[in-house]
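Multiple structures are listed underneath, in structure tokens.
Look for subunit A in each of the two complexes below; its partner is subunit B in the first and subunit C in the second.
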Partner chain A sequence: MRFAARLCLSVAPVLFAVSLITFFAIEVLPGNTAEQLAGVNATAEQIERLEQALQLDRPPWVRYGEWIGGAIVGDLGVSLANRQSVVSLIAERLPVTLALTSFALALALAAAVPLALISVYRPGGAVDRTVAILSMTGLSLAGYVLAPLLILVFAVQLGILPSIGYVPLSDDLIGGIRSLILPATALAVPLLGLYTRFLRGDLLEQIDSHDYMLAAKARGIGPWRALLRHALPNSLFGLMTLVGLHLGALLGGAVIVEQIFALPGIGQLLLQSVNLRDITVIQAIVLLLATATVLANLTVDVLYAALDPRIRHGRA
Partner chain B sequence: MAALDAVVAASPARAAQPAGIALPSGLLCLVAVLCFLVPLVGSLPSPTGGDVLAAGLPPFSNGHILGTDLNGNDVLSRLAYGGRSSLVIALLANLAGLVVGATLGAISAQAGGAVDAVSMRILDAFIAFPSLVLVLVIAQALDASVPGTIVALSCFTIPAFARVARAATLRLREQAFMLAAGLSDAPAWRILAFHVGPNIVPQLTSFLFLGVGISIIVEGALSYLGLGVPPPAPSWGNMIFHGQQAMHSQPSLILLPSLCIFVTVLACNLLADALRRRWTAQ
Partner chain C sequence: MPTGRLSSELILSALLVGLMGCSGDSAPASNEVEQSPADGSELTVLLDAGTVGAWPAGLDPATNTTAGFNLTLMNAVFGGLFQLAADPEGSNPRIVGVLAEGYEITNDGRTLVIHLRDSVRFSDGTPLDAEALRFNIERNIAAPCACAPIRWPWAEENRVVIVDNLTVALNFSRPYSAAINGLPVINVNWPASPAALAAMGEDEFRVRPVGAGPFRIVSNQLSSRLELERNPHYWQAGRPLLDRLVFQSIASEQAAYLALLAGDAQVIEGVTSTAIIEQAKAEAGLTVTPQPPTAPYVIQLNTSIAPFNDARAREAIYLATDVEAIRQGLFKGWYPAAESFTGPGGLFHAAEVPGYARHDLDRARALVDEIGGVEVKLGTLQSFVAEQVVTALQSQWREAGIDVSIETVDIGSLIQALRSREWQALLQTVGSYDPESGSGVTLRFGSGQLFSGVADPALDALFADAASATDMHDRDALYTTAAKHISDNRYAPFLFAFSPTQIVTRGVSGPGLTTPIPPIAINTAVHWQDVSLHHQ
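== the complex of A and B ==
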């Protein structure tokens, strides 16, 4: 418990700094919201009136106080563009992004674990080298480079999957999954490269520098069994940390993938709000994404401690 | 930025080497020649203001070796000029990261105590933002422009370099020469400049190539979304975006800029990897 408390103490200041950066980066930068909303033909007087109506004329730190106070109790204000509550706007979109990112994460992990295992079975062998090239290739493919290629092959040439659009999973499970296959693949491939490289390195380290692997070998345990039962569980700890650290890459990637495939998720909402300069929505989404990353890392640390007695008792 | 750490962190004991230093350096030189020299020596048509009557020509057409896009602009010329801005933006953003970020990181690690604790929390906060989201929000506020994109990208390269430099400096602490330098009563700036600096350069160099690769990807994403290099100026990202309109009829309009981004990023990643292996081995 003391471990958890210490983690919370280090997380709270980070979250506070995150909220400051979010608010002021969007607030202080040039480009006036009221001007944008009023349109190109608005007079100075109209803009001023709009500013007062939106309460944008008060000092930024007063508005920060109100904003963060609201955010803590779950009220993120209303959209400046259409007066809808920001929380309800986000709640509408969240399931799409969650479905997309969890599908992508599952794909990446499901492929990375076996790939890493077959490459450490014989380090430096043909399989290992092939996997190394594949994972380096995956790592170098941006989602927006891969996505058009996937559409070109699977939707245009072969015509077996829908190219764009989203079918809610609750309406039609099969159709929903089909509409997510290409976007999730585009999002998963770079992560897959990253995870495979990491897991391969970590498994090799277990084999090379830990006596328990030697002991397993001495007891006559077969190589696959030693890998699966002894090395892998230890390496999965490291992979878990990596997944947490890289949640940002997953969420950032989702923004552009949602745009390409016209999926009505958080990323698409962010881009729409960016174009409208709807700052309350932008601030809320950026805060949400950054908080999610910080909390995911906290969860990983806590889980790590819960599962690994060496850390729980402060001996590692 | 996230992707950067893991590539650095994954240090395979027995590396399956995808490539040495020669291949990726060669690829990068090739890209640089295409982007910087070809427009100078050849008689490339202008990348903008093309003739609509010559729009959508396939590759190997007369006068347009890679064809023309939907506005009649020469594709080879757009690839070259687009690559030029991608490379310049990525290099400048990472040099800013290297100069500002690495200095701050090394100072923070050397200072230790409260200074280090506070700056670490600030770094953690910056790193919590998905890099694309942070850059996107800042880029749109600065309006689509080349300098705006560089500033926006620096917002993630600076914290990233700071973190790498800090970690590398902390690792040095246990070395005997650092203890000796500390005991010798040398001023702090001297220790930083002559003892810490040269010893963290290898790590920073390999990180620089990684950072350039990631920056090219993020810059491409911004340009794809219309928030990076302002159209009609070409960039690989906005070429992919516009190419999607002709996906059925002329897939080369997507494939060529995609290939350029992929090859450049791959070369950067391979080079970073090879350099890192080299200094780990030493």
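== the complex of A and C ==
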């Protein structure tokens, strides 16, 4: 109950502010949905007819008021461009983005943790230096640079993975996973670099600055066991925070990666909607992403409390 | 409504083309393999997400505002009353009946009579007869859509008349013989099933419309993926040759090309990147088919405001523009130079216009000095080709002492600038197979038109007469006079006639894919009913 109350108190003002800013940011962009849809051959009269049909000739605050009134009671409206329900458009696309970002996050974390551990086992050694170079390279590679290179190697040259398209996991589990490997890797590599660098630094700080590590050594606990049993659990708090704070960047990366791999996800829908100034769809997606970000950060807080009794009992 | 392109695309393109070049096969392209089409054949076609691969308003002809861009999708689902066809080498372009058996122009050009084929059925099994066609045309005209054919000079009364069960007459207020050439690119060409519309309702019909074309819709994810299957009620026995056809929207030509090489697709429609086309030509497994150009690039000048309300400033732009350098430097001379609104693939083409002001840097500089300097804002829509060209123009014009800033905009920003009448110079394309249809010459040069920078009653009269004339020689003479009038008044310099290229994998063949057909609008309208895939 406390969590739910806290959630509502946290989310409601954020969503209201986000919706207001988004609406008027789109409003001040040049062009409206009618102009975008009308295309290069339209006459001025045709554009005016379309503006009237889409009710874009009404003042912006009237349109915002109408939208927020509907949103409060759960009616997110229909797309201005095609009259399809916004909820159904999002429901169609959300599973793709969820699968992509979850897969990318899992890949990044699964690789970052062992890489950081082997780095700090012998700081400054050959392995540490190699991992440092690899993680800095990953950190420097944007997804849109990496993606075509992955396609070239794994789809064109080796022919073992598809270059475009998405197979729903519910239709074909293996096919679905294969369709996600390259896009998820393109999204995961920059995150992997970031997480590895961060976790390595935090682990070193645990080893160098905390008495419990010295005590573990004094008790004759081996270096691997000390790392895994004592340093890593403490360092995971920082990593969790980083993951939560980075959710926005992950979703931003997904927008680009979905475009390159022709994945019909939320990112692709958002980009198409921004190009069309399709405000009802944009508002709904932005609210969804804002909610996800707030929820992720609240979840991190809750996990903190679950993992650390000092926080749970208010002593930290 | 083009999507924004990734800023790194050019660099990445060069990198990838270089990498692929290392492993490329230099054998010549070839495609003509005589085998019977494979059973269960399926083709995946990649379309540019920014133009032909965007159908945000759905595919209902009455509400699809981007139908002119989406010709390939519309023809696959709705077939078309008429299509543009050509001989196998791309010559002798002509309008042919598909769902219609033929047409007549009567009443001195004031009436277009359309004869439907007997026993054509929509993919839901209901008949395409005169009443269904009349219903569609009236619905299209009434639709609050930029795709509505309201620019046609419809008669005040009896504009669409049923003559008999298979014949419909379209009546105009004045002679309009150009109608038949413009028909394949407007929504009148794509009749939809009235019964399916009534059963589904307008909103669902946008997503799953029912036509009488060679394919019917299996699934439609707007501006993303359209999956089609053979229409069992298609009128032509043995057609279509494919069982399934998938259109996949893709963000860049580089990604599309890699998907083709990876075997994840078989066709890329409308490729414009010279690097990709060159690379594809060197691949043994690909067939590259350039289309005969119909739409020249033009630099529209706004003659109503400074600096181009001064004819000397307009002439300076003509003289400062080195078309040959752009043709050779950017496009290896592939696209022919243009001095008017026609291209060699279209009707009434004139390669040269007498008295046209060609490149002369010294005269351009002298004119700029005489005026006391010229400052220009040059805009264009976001596109790979256009952005290269405006950058070249900026460099050339600066050599003549013209101060140029360039602005790349999306369609909404462009329309706002056009509505405010504050724009100065725009790089656009003009014309199509018939100068009157598509992004037609009237749209770019007619008085009072949103996309025009010219207000000249004499030019308006020439265009109106040319659109009305029933004799092709008369139309030719009128358009020749109009081209000279534009040139003499230095209204807008033309650059080169451009057309995109089709790239397909070995085994794919069909009209408009592996044989050229002039683009009737943005891209060539492929005859999907005749496209086949032979397993190698």
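Here is the rule we go by: the second predicted complex is superposed on the first by the 259 of 316 C-alpha atoms of A that agree within 3 Å, B and C clash if a C-alpha of one lies under 4 Å from a C-alpha of the other, contacts with A are read in each partner's own complex, and residues count from 1 in each chain.
One rule holds in what follows: a contact is a pair of C-beta atoms (placed from the backbone, for glycine too) under 8 Å apart; a residue touches a chain by one contact, two chains touch by 3 or more.
The shown structure was predicted, so the numbers you read here are calculated from the model rather than taken from an experiment.
Student: Contacts for A:148 in the overlay, against subunit B (first) and subunit C (second): which applies, first, second, both or neither?
Tutor: both
Student: Is A:248 in contact with subunit B, with subunit C, with both, or with neither (first, second, both, neither)?
Tutor: First partner only.
Student: For the overlaid complexes, name the partner, subunit B or subunit C, with more touching residues on subunit A.
Tutor: Here the partner covering more residues of subunit A is B.
Student: Figure out whether A:156 sits in contact with subunit B (first) or subunit C (second), or with both, or with neither.
Tutor: Touch partners of A:156: subunit B and subunit C.
Student: Now for A:50: first (subunit B), second (subunit C), both, or neither, which partner does it touch?
Tutor: It touches subunit C, and subunit B stays clear.
Student: Could you say whether A:264 touches subunit B, subunit C, both of them, or neither, answering first, second, both or neither?
Tutor: Only subunit C is touched by A:264; subunit B is not.
Student: Once chain A of both complexes is superposed, is A:299 in touch with subunit B (first), subunit C (second), both, or neither?
Tutor: Touch partners of A:299: none, neither subunit B nor subunit C.
Student: After lining up the shared chain so the two structures overlap, which partner does A:92 touch, if you call subunit B first and subunit C second: first, second, both or neither?
Tutor: Only subunit C; A:92 stays clear of subunit B.
Student: Let me test your reading of the model: by the given contact rule, A:102 touches which partner, first (subunit B), second (subunit C), both or neither?
Tutor: A:102 contacts neither subunit B nor subunit C.
Student: Counting only touches as set out at the top, which of subunit B and subunit C does A:13 meet: first, second, both, neither?
Tutor: First partner only, subunit B.
Student: Across the two complexes, find the residues of subunit A that touch subunit B and also touch subunit C.
Tutor: 29-31, 142, 144-145, 148, 151-152, 156, 256, 259, 271, 275, 277
Student: Can you name the residues of subunit C that touch subunit A in the complex?
Tutor: 1-4, 6, 8, 12, 16, 19-20, 23, 49, 54, 56-58, 65-66, 68-69, 144-146, 148, 150-151, 202-203, 206-207, 221-225, 248-252, 254-255, 258-259, 261-265, 381, 409-416, 419, 428, 438-439, 443, 449-451
Student: Mind pulling up the subunit A residues that touch subunit C in the complex?
Tutor: 29-32, 35-47, 49-50, 52-53, 78, 81-84, 92, 142, 144-145, 148, 151-152, 155-157, 159, 162-165, 256, 259-262, 264, 268, 271-272, 275-278
Student: So in the complex, the part of subunit A that touches subunit B is made up of which residues?
Tutor: Where subunit A meets subunit B, its residues are 10, 13-14, 17-18, 20-21, 25-26, 29-31, 119, 123-124, 128-129, 131-133, 136-137, 139-142, 144-145, 148-149, 151-152, 156, 190, 194, 197-198, 200-202, 204-205, 208-209, 242, 245-249, 251-253, 255-256, 259, 270-271, 274-275, 277, 282, 285-286, 289-291, 293-294.
Student: Using the touch rule from the top, collect the residues of subunit B that touch subunit A in their complex.
Tutor: Subunit B residues touching subunit A: 1-3, 5-7, 9-14, 16-18, 121-122, 124-134, 136-138, 140-143, 213, 217, 220-221, 224-225, 227, 237, 240, 243-244, 247-248, 251, 254-255, 258, 261-262, 265-266, 269-270, 273.
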